[in-house]
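Structures given as C-alpha cells follow.
Next come two complexes built around chain A: one with chain B, the other with chain C.
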Partner chain A sequence: MDRIPILKMGPFLLVTIQVDLYDRLALNLENDLITMVSKTEARGVLIDISAVSIVDSFMGRILGNIASMSRIMDAETVVVGMQPAVAITLVELGLTLQGVYTALDVEKGMELLQKKIGLNLLNNEEEEADEDDRNL
Partner chain B sequence: MKKATAQAVKKNKIQILENWMKFQLTDEGLRDDLMNNEELHAQSVLLLDALIRAMETGETLHASSREFDPIRDVLGEISVMRARRGYSPRETASFVLSLKQSLFDAIEKEYKKEPESLYKEIIAVNNILDALSIFTFEAFLKGREEIILRQTDEINEISTPVIRVWEGILALPIIGTLDSARTQIVMENLLQEIVATNSSIAILDISGVPAVDSLVAQHLIKTVSATRLMGAECIISGIRAEIAQTIVHLGIDLSNIKTKASLASALRVAFDMMNVEVKKVDRRSNILLK
Partner chain C sequence: MIVISKDSMGIIREQDVVPFRSRVKEYATKIGMSLVNQTKLITAASELVRNMLKYANGGIVTLEIISKNGISGVRLTFEDKGPGIKDIQLAMKDGFSTGRSLGLGLPGTKRLVNEFDIKSVPGEGTTVTITHWKNGR
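And then the complex of A and B:
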C-alpha cells in the first residue's frame, strides 16, 4: 500500500506530499503522522503541499484534523506551499483551516516553527523560573 | 403581396434609391461626421437589393420568413456597425423607416387605377418594413451590449494591478466596485503574484472602492483567508470613515483581519513585521563628522 514518507528533522517532522491525495492515502497519512508524533515526541509538524493541485473538503478536513491532534500532543502544525488554486478552492468550500499555521515555502515554515517552539520553550523556562523564585 | 408590386419596385429601383438618398441626406439626423455619403449610398443599395430579391421570391411574405434571412444579415451588419460608430437609436431606426416613403411613391404609381389593391399592397409593404426596423433596433441594441461587455472585460483586466512595494511586500489597490467576478480575478492575481515574488505580506487598499456592503465584505474576507492559507499575511488599508460606519452598522465582523486607515500605516506595520526600519538620515551631521 502507498505511504507518504515522514522525515524526522530534529524536533520536527517533515512531510512532503508529492502525489495527489486520495482518501485512503490521506487517512493513512493522518494515522502515521500522529503515531510518529507520539513516538518521537516531535514539537512541530511541517506539511509541504506545493505539489498538490487538487483538494476537496475531505482533504481540508484531514489537514484540520492533523493540526488539532498534534496540538493536543503539544506539536504545532505548519502547512507550506499551498497553490493559489488550492487556496481559492478551500476558501470557496468554506474551509479556512483555522488553527493551522501557514507559510510560503519550507524555509519560511521552518523559521516559523522554530520561532513558535522557541517562544514556547522560553515561556516554559520563565514559568519554571517563576516557580523557582516562589520556592525560594 | 402581388408579383406586380415586386416588379414595380424593381423597375423603379433607381428612382426609389434616388428619393431615399435625397430623403436621408436632407434629414436632420444625418451624421456625415460619422459616415461619408458614398458609404451611406453603398449601404442603401445593399439593403434595397436584398429587399427586392426577397420580395420577388414569394406571394405570402412575412418578415419572419426564410426569404428575409439575407436582409436580416445585411441589416444586422449595418446596425452593429452604426452602434460601434456611436449612432443614436433614432438615427439608426430612421435609416430603414425613411425607405418607406420612396417605396410607397413607386407602388402608388403602379396601382393608380386600383385603390383597393393599392391599399392592400401598401399595408403589406408597411408591415415588412416595420418588422425590419424592429429587427434593426434589436441588432443595434445587441451591438451596444457587446461593446459594453467588452469594455467591462477591459476594465477588469486593467484595474487589478499588483504592485511590489518592497521586497516581500505586495500592494493591491482596488478601484471600483467589487463583485464576485472581480474578486475572483483580484484573488487569482494576488495569489499568483505572492507565489511569483515569494512575498509574505499583501496590502489590500480599498480607498478606491465606493461602497462596502455585506457582499463586498464577504469577498474581502475570502481574499484574506485565501492569502492566509498560502502562508502570507494580508492587511486591509484605506478604510474611509463612511466605510467603517457601514461595516459596523451592517454588523460585519472584521476582527480577525488586520485593518489600517491608510496605505502608509499599513506599510509601516508591514515593515515592522519584516523587521525593516525606515530612518531619516541627517546628512549635515554626517558631513560635520567627516
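And then the complex of A and C:
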C-alpha cells in the first residue's frame, strides 16, 4: 500500500507531501500521523504542502481533521508552503482551514511550533514552581 | 461559439480522480490559462467529480476546448445516471449537504468558474456544465 513517509525530528513529526494526493493516500496519512503522534509522544506536526497544486474540499477536510485530532492528542499542527494559487482558490471555495496553523515555509513553521510548545513548557514549569513554593 | 477539441473520460473509481485532474490541467495549459485560473478550474472539476463518485457511483466527463469571440476556454460536462437532485435551489445554498461533507460542494464550485449550469431529473441523473475562460472572465 502507498504511504507518505513521516519523519521524526526531536519532539516534532515532519511530513512533506510531494505528490497529488488521492483519497486513499490522504486517509492513510491521517491515520498514520495520529498513530505516530501517540507512539512518539510528538508535540507538534509540520505538514509541507509546497508541492501540492490542488487542495479541494476533501483535502482541506483531511488537513482540518489532522489538526483537530492532533490537538486532542496534545500536539499542534502547522501547514506550511501553500502555493498562492491554492490559497486564492481555497478561500473562494469557502474553505478557510479554521483551527489549522499555517506558516510560509518549513523554517517559519518550525519556529511557530517551537514557540507554541515552548509556551506550554513554560506554563508547566511555572505551575511546578508554584507547587514547589507551596511545598517549601 | 466553436468547439476546437473534444474528448471524454469515464470516472468509475476514486483512482480516476488524479488522472482526470491531470487531463484538465493539460487542456488548461494548452490554451495558456494562468496558474490561478488553472487552479480554480481544476479544483472545481475535482469537487464535481467527487460528487459524481459519491452520489452516483461515477459517470462520464466531456472535456472541450471552446472559443467565443476569439477567446478560448475549457468546458467540462459531468453526466451521471445517479439519483438526481430533488431541490437544486437548496443544493446550491452554502452549507447545505445531504452527505456528511462540509456542504461547500456546489455553491463553492460555482464561485470558482465563469459559467456554471446544472440540470437534474430525480431518478434519472444530473448534468453539470462548467466553463472557464482563458483570462478568467
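The criterion applied here is as follows: the second predicted complex is superposed on the first by the 134 of 136 C-alpha atoms of A that agree within 3 Å, B and C clash if a C-alpha of one lies under 4 Å from a C-alpha of the other, contacts with A are read in each partner's own complex, and residues count from 1 in each chain.
Note that in this section a contact is a pair of C-beta atoms (placed from the backbone, for glycine too) under 8 Å apart; a residue touches a chain by one contact, two chains touch by 3 or more.
These figures come from a predicted structure and were not determined experimentally.
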Where does A:M82 make contact in the superposed view: on chain B (first), on chain C (second), on both, or on neither? first
Looking at A:T96 after the superposition, I want to know if it touches chain B, chain C, both of them or none. Which is it: first, second, both, neither? first
Is A:L104 touching anything from chain B or chain C once the two structures are fitted on A? First, second, both or neither. first
Is A:R24 touching anything from chain B or chain C once the two structures are fitted on A? First, second, both or neither. second
For chain A, what residues appear in both contact lists, the one with chain B and the one with chain C? 83-84, 86, 88, 92
Chain A to chain B touching residues, read off their complex: 79-84, 86-88, 90-92, 96-97, 102-105, 108-109
Would you mind writing out the residues of chain B in touch with chain A in their complex? 184, 187-188, 191-192, 194-195, 198-200, 222, 225-232
Residue numbers on chain C that touch chain A, as the complex places them: 14-15, 17-18, 21, 35-36, 38-40, 42-43, 46-47, 50, 94, 101-102, 104-105, 107-109, 111-112
Considering only the defined contacts, which chain A positions touch chain C in the complex? 20, 22-24, 53-58, 60-61, 83-86, 88-89, 92-95
